[in-house]
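In the two assemblies presented below, subunit A is common to both, partnered first by subunit B and then by subunit C.
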Partner chain A sequence: MNASQARRSTPLPIGVLAAIGIAFIGAPIAALLIRAPWSDVLDQLSSSGAWTALRLSIIVSLAAAGLSFVLGAPVAWVLARGAIPGRAFVRALVILPLVLPPVVGGVGLLAALGRSGVVGRWLDAAGIQLTFTIWGAIVATTFVAIPLVILATESGLRSLDPRFERAAAAMGASRWYVLRRVTIPLLRPQLAAGLVLAWARALGEFGATITFAGNLAGRTQTLPLAVYQARQTDPGAAIIVSLILVVLSLLVLVTMRDRIFAR
Partner chain B sequence: MTLSVGLWITRGELQIHADFDADEGTTVALLGPNGAGKSTVVDCLAGLTDPDDGWISLNHETWIDVPTGRFTPPEERSVGVVFQTGLLFPHLSANENVAFPLRARGVPTPRARERAGALLGRLGFPADRADARPGELSGGEAQRVALGRALIHEPRLLLLDEPTTSLDVRARSELRPLIRSILAGFAGVRVLVTHDPVEAMTLADLIVVLEHGRVTQRGTPDEFRNAPRTSYVADLVGVNLFAGRLEPSGDGAGRVVTPGGDVIVAWPGTLPGVALDDVLAVLRPADVSLHVAEPEGSARNVLHGTIAEIAIEGERARVRLHSAPPIVAEVTRGSVDRLGLREGGAVWASFKAVEVRLIVP
Partner chain C sequence: MRFRRLLVTAICAALALAACTSNGPSGSDSSPRAIELTVFAASSLTAAFTQIGSDFEAANPGTTVTFNFGSSGDLAASIESEGTADVFASASGTYMDDVSNKVGVSGRADFAQNRLVVITPPENPAGVTSLEGLAKPGVQVVLAAEGVPVGDYARESLKSAGIEKAVIANVVSNEEDDASVVAKVTSGEADAAIVYVSDVTSAVAPQVRAVQIPDAVNVLATYPIAVVSSTTHPETAQSFVDYVTAPDGQATLADFGFLPPPAA
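Here is the complex of A and B:
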């Protein structure tokens, strides 16, 4: 069935519920636009530290997406193809950050990498501090975003016809060459989807970041944290900063939509 | 002998056992119905899958030998394959697909691309389509790319798995002469997998028939034409085959008793006059006459039945009868009209005892 046929035959109850669903999602966004203090938007932007938070958010989310990709794709490869003991348990473990409240992730990261944490005390002795730094914000965000790369890549690897890679080997390609010229190119849609979803998740990250890296303007205060802080003092500024996040997210989703969803 | 193959593989319900040898410069046709295990044998030869037991060696180089555990990784085997499902890399252009085996062996990109372009040209692939992806190619173009990718690195073994099956009639007739000349010009061992008897009979030096995972017959095309061993092979080469017990019936004649009915034959002078089991009787369809009324005359075999199928091939027509035993007759197209033959209609068939050739175990 093609799209136009599908469009013609929407039953009424589904249409009504779908309309309510779209309105439900759209209403808060519309309300943000209605309630925004448009008259002094420029003053608000410059005084609320929104630009600093935006710059920080972009750096942290891109770095977290990159780190998620570099570590997450190999995890997916091992889960899909490696001979690892307790595969089901390992898979559940690495997907856990998706289900856990991010604040729990933040507490866990503090226990592991905080100044007196299990690993953190060694880092501290070596002069490396993650908490209350931009590095801490990146680590906390990566923790939350990495399952999305793992899920997308593993499902891609599982749906990949293994005969392409075996045929490449029969043509004289080494394992590394097969990976580089066949496996990764064939996985590109799933890798791109994982990367973008991880980036989107990283952009909105709040709980783990504020717990592990704190809320320091100019150092760890990303856009969501800036919204949270502005909310307590200046609701108008909170709306303006929220709208920046809306525009940024929408921009990426629209430009990437063919790559990710139209498969 | 340069290629030596002996394979035992279990695929679900199917138990496959195939073994054959072939010399350099010869073509082996692996012939059989769909689902007989042909592609699994190809996958083993290409290194895509490993047999449960057995061996493959080429020019005294052991590719796999399960009993001794010797094994050559697929990327070190000198083999070129055209896969039945194509398996062209969807993300690479036509030229890049053909260049792939060279690139994988470390040939620099410009040199590999140049050689791929030259080979594609020789294969009749349009030069302006070199940058098209496999998804944009016609069936005939895609098969030329697949052939190029199999040949570019000059392998010692060439595997063609149903190279024309996925094509429409026109593309197939265009590609056949090309495949013929590629096979003739290829110096190493050629293995052609097909379910098309015409391809096997015209292209191969040795035919190996695989049915239900077993080799049921092997030999040259001439041997197949003269002495088919199973009804599948007989069907393929277009002759009638009756298998059963030969019994003497007096005055220089005998009868072959088959489950489907008896056939009267001339008793071979070289045989003692006693019954013999597992005899094959071969009858060419052109030696069968068809009649609308019960025929009179010297023919010892007279059958009555209904017409199951009439297949027109040019000026000839093959008429398949529900009779005892079932039989195929080949008559001219004019006879079909003159006798008013139609599917489902009743007809008489006759043939002489001396036309039936006996193959005695």
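Here is the complex of A and C:
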């Protein structure tokens, strides 16, 4: 609890290594700031299609975070509480997108949901196409972001004191009522953390999106894809668009720090 | 405690390994010359240059050739900022000019030409049978992005056919290089794309249908190769360039669908 007392006693080697660590993480960000073509930043912003990409990124990442939440939180509930066979395997499976290279996710999504994919061919026959559409970008991004919701929610459910729920049930509350009025309110910090982390991850998604949804300005070209394309022809614009992502992500993490890290 | 000892051992082992590898080159004084040549080459050259690389290694024992394939613009940018290439082979003269101006090159020579072709999935779902077919409403067309040589050449060809606007309206994705464009067609996602003739390799051919583009509106891409001035192996780099432009290299390029360079 006494943080100021604890803060005074950092051993020197730890302090030195920590300083190197922070510098290592901070250097690329600082370099972006130094190298940015500040003199014509406004021209770059309007000409590079950055605004279109920003708008699309915000729509796609919010939708992906929402979808991750709607599907991921129930998965976490089942993993923590449900009686499912092969729980360890299922848990590994649903966390897999977190460690898998996103391009692998994109290739898998193409095989599953592409126009000639295992499931996609039926969608295609029904006139539904995900690839090259904003829906494809949302699906690809959700695939990558969903494990964060699952991890945060499941750890929250596991550390929850079951006596609160038992007490509510003993007093005659229905299961639905307990979930709504006891479990979810107690879980709010973890749910919020999962949602925000999933959103931040979705904002930065690149590999699965470009592989599955393609790259077209205004339709599937989110900010990371815009950076990648600008890098070829206009390195200055690439830096400016990168900085938009940096600022946006930093803003999320700073404003939400209490939600994410405090207990 | 045991864990800590393990950790220390692991770190020591890692340090020892690192020491070994850094001693490698100086420790091999006895062997004649162990040279590692780094060649940056346009991604359309992947198949042909991989073959040429192993032929070159066989003809020059002790030399290994490492390739970095990518979009020519990307490669040019990384040569300019990192200078790690010994040889640069570009799909466009523009990017070679760029490297020539900023880093310097020597022994520059045009070594091949390439033409464009339309490809569709084998079942040709959108019924594309000509370049003009790309302009039909609803055809899902994939091109390489602007700034990627094959993407710029494709737009040039469409412009001379007078259908640039209609086709651009059909474009569903701008890919980072020709390999990604081909992948979008072989996976059946795109209805049609414009790539190099050389992209339709023997491995790709069964998975696509090629639709020829008439000479009048086709674009001839000329590929230059040169030694990058910052190289530490100028002689070996030049002999690789010579190998590519000599009959052996030219025969391999022809096998992979490239045309001979324009007569000087």
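Remarks
Keep this in mind: the second predicted complex is superposed on the first by the 262 of 263 C-alpha atoms of A that agree within 3 Å, B and C clash if a C-alpha of one lies under 4 Å from a C-alpha of the other, contacts with A are read in each partner's own complex, and residues count from 1 in each chain.
FYI, a residue touches a chain if its C-beta (ideal position, glycine included) is under 8 Å from a C-beta of that chain, and two chains touch if they have at least 3 such contacts.
What you are looking at is a predicted structure, and each value in this text was computed from that prediction instead of being measured.
When the two structures are aligned on the shared chain, A:L216 is found in touch with subunit C, with no touch to subunit B.
Contact with subunit C, but none with subunit B, is seen for A:T233 once the two complexes are overlaid on the shared chain. Looking at the shared chain after the overlay, A:R115 reaches subunit C, while subunit B stays out of its contact range.
When both complexes are overlaid on chain A, the residue A:F132 reaches subunit C alone and has no touch with subunit B. Residue contacts after overlaying the shared chain place A:S174 against subunit B, while subunit C stays out of touching range. By the touch criterion stated above, A:V78 is placed in contact with neither subunit B nor subunit C. With both structures placed on the common chain, the touch criterion links A:R166 to subunit B but leaves subunit C unconnected. No residue of subunit A touches both subunit B in one complex and subunit C in the other.
Only residues 46-49, 73-77, 79-81, 83, 85, 87, 89-92, 100-101, 103-105, 149, 153 of subunit B touch subunit A when the two sit together in their complex. Remark: subunit C residues 71, 73-74, 77, 140, 142, 145-148, 171-176, 184, 187-189 touch subunit A in the complex.
Those residues of subunit A lying in contact with subunit C across their complex are 110, 114-116, 131-132, 210, 213-217, 219-221, 228-229, 231-233, 235. Of all residues in subunit A, only 163-164, 166-174, 177, 181-182, 185-186, 188 touch subunit B in the complex they form.
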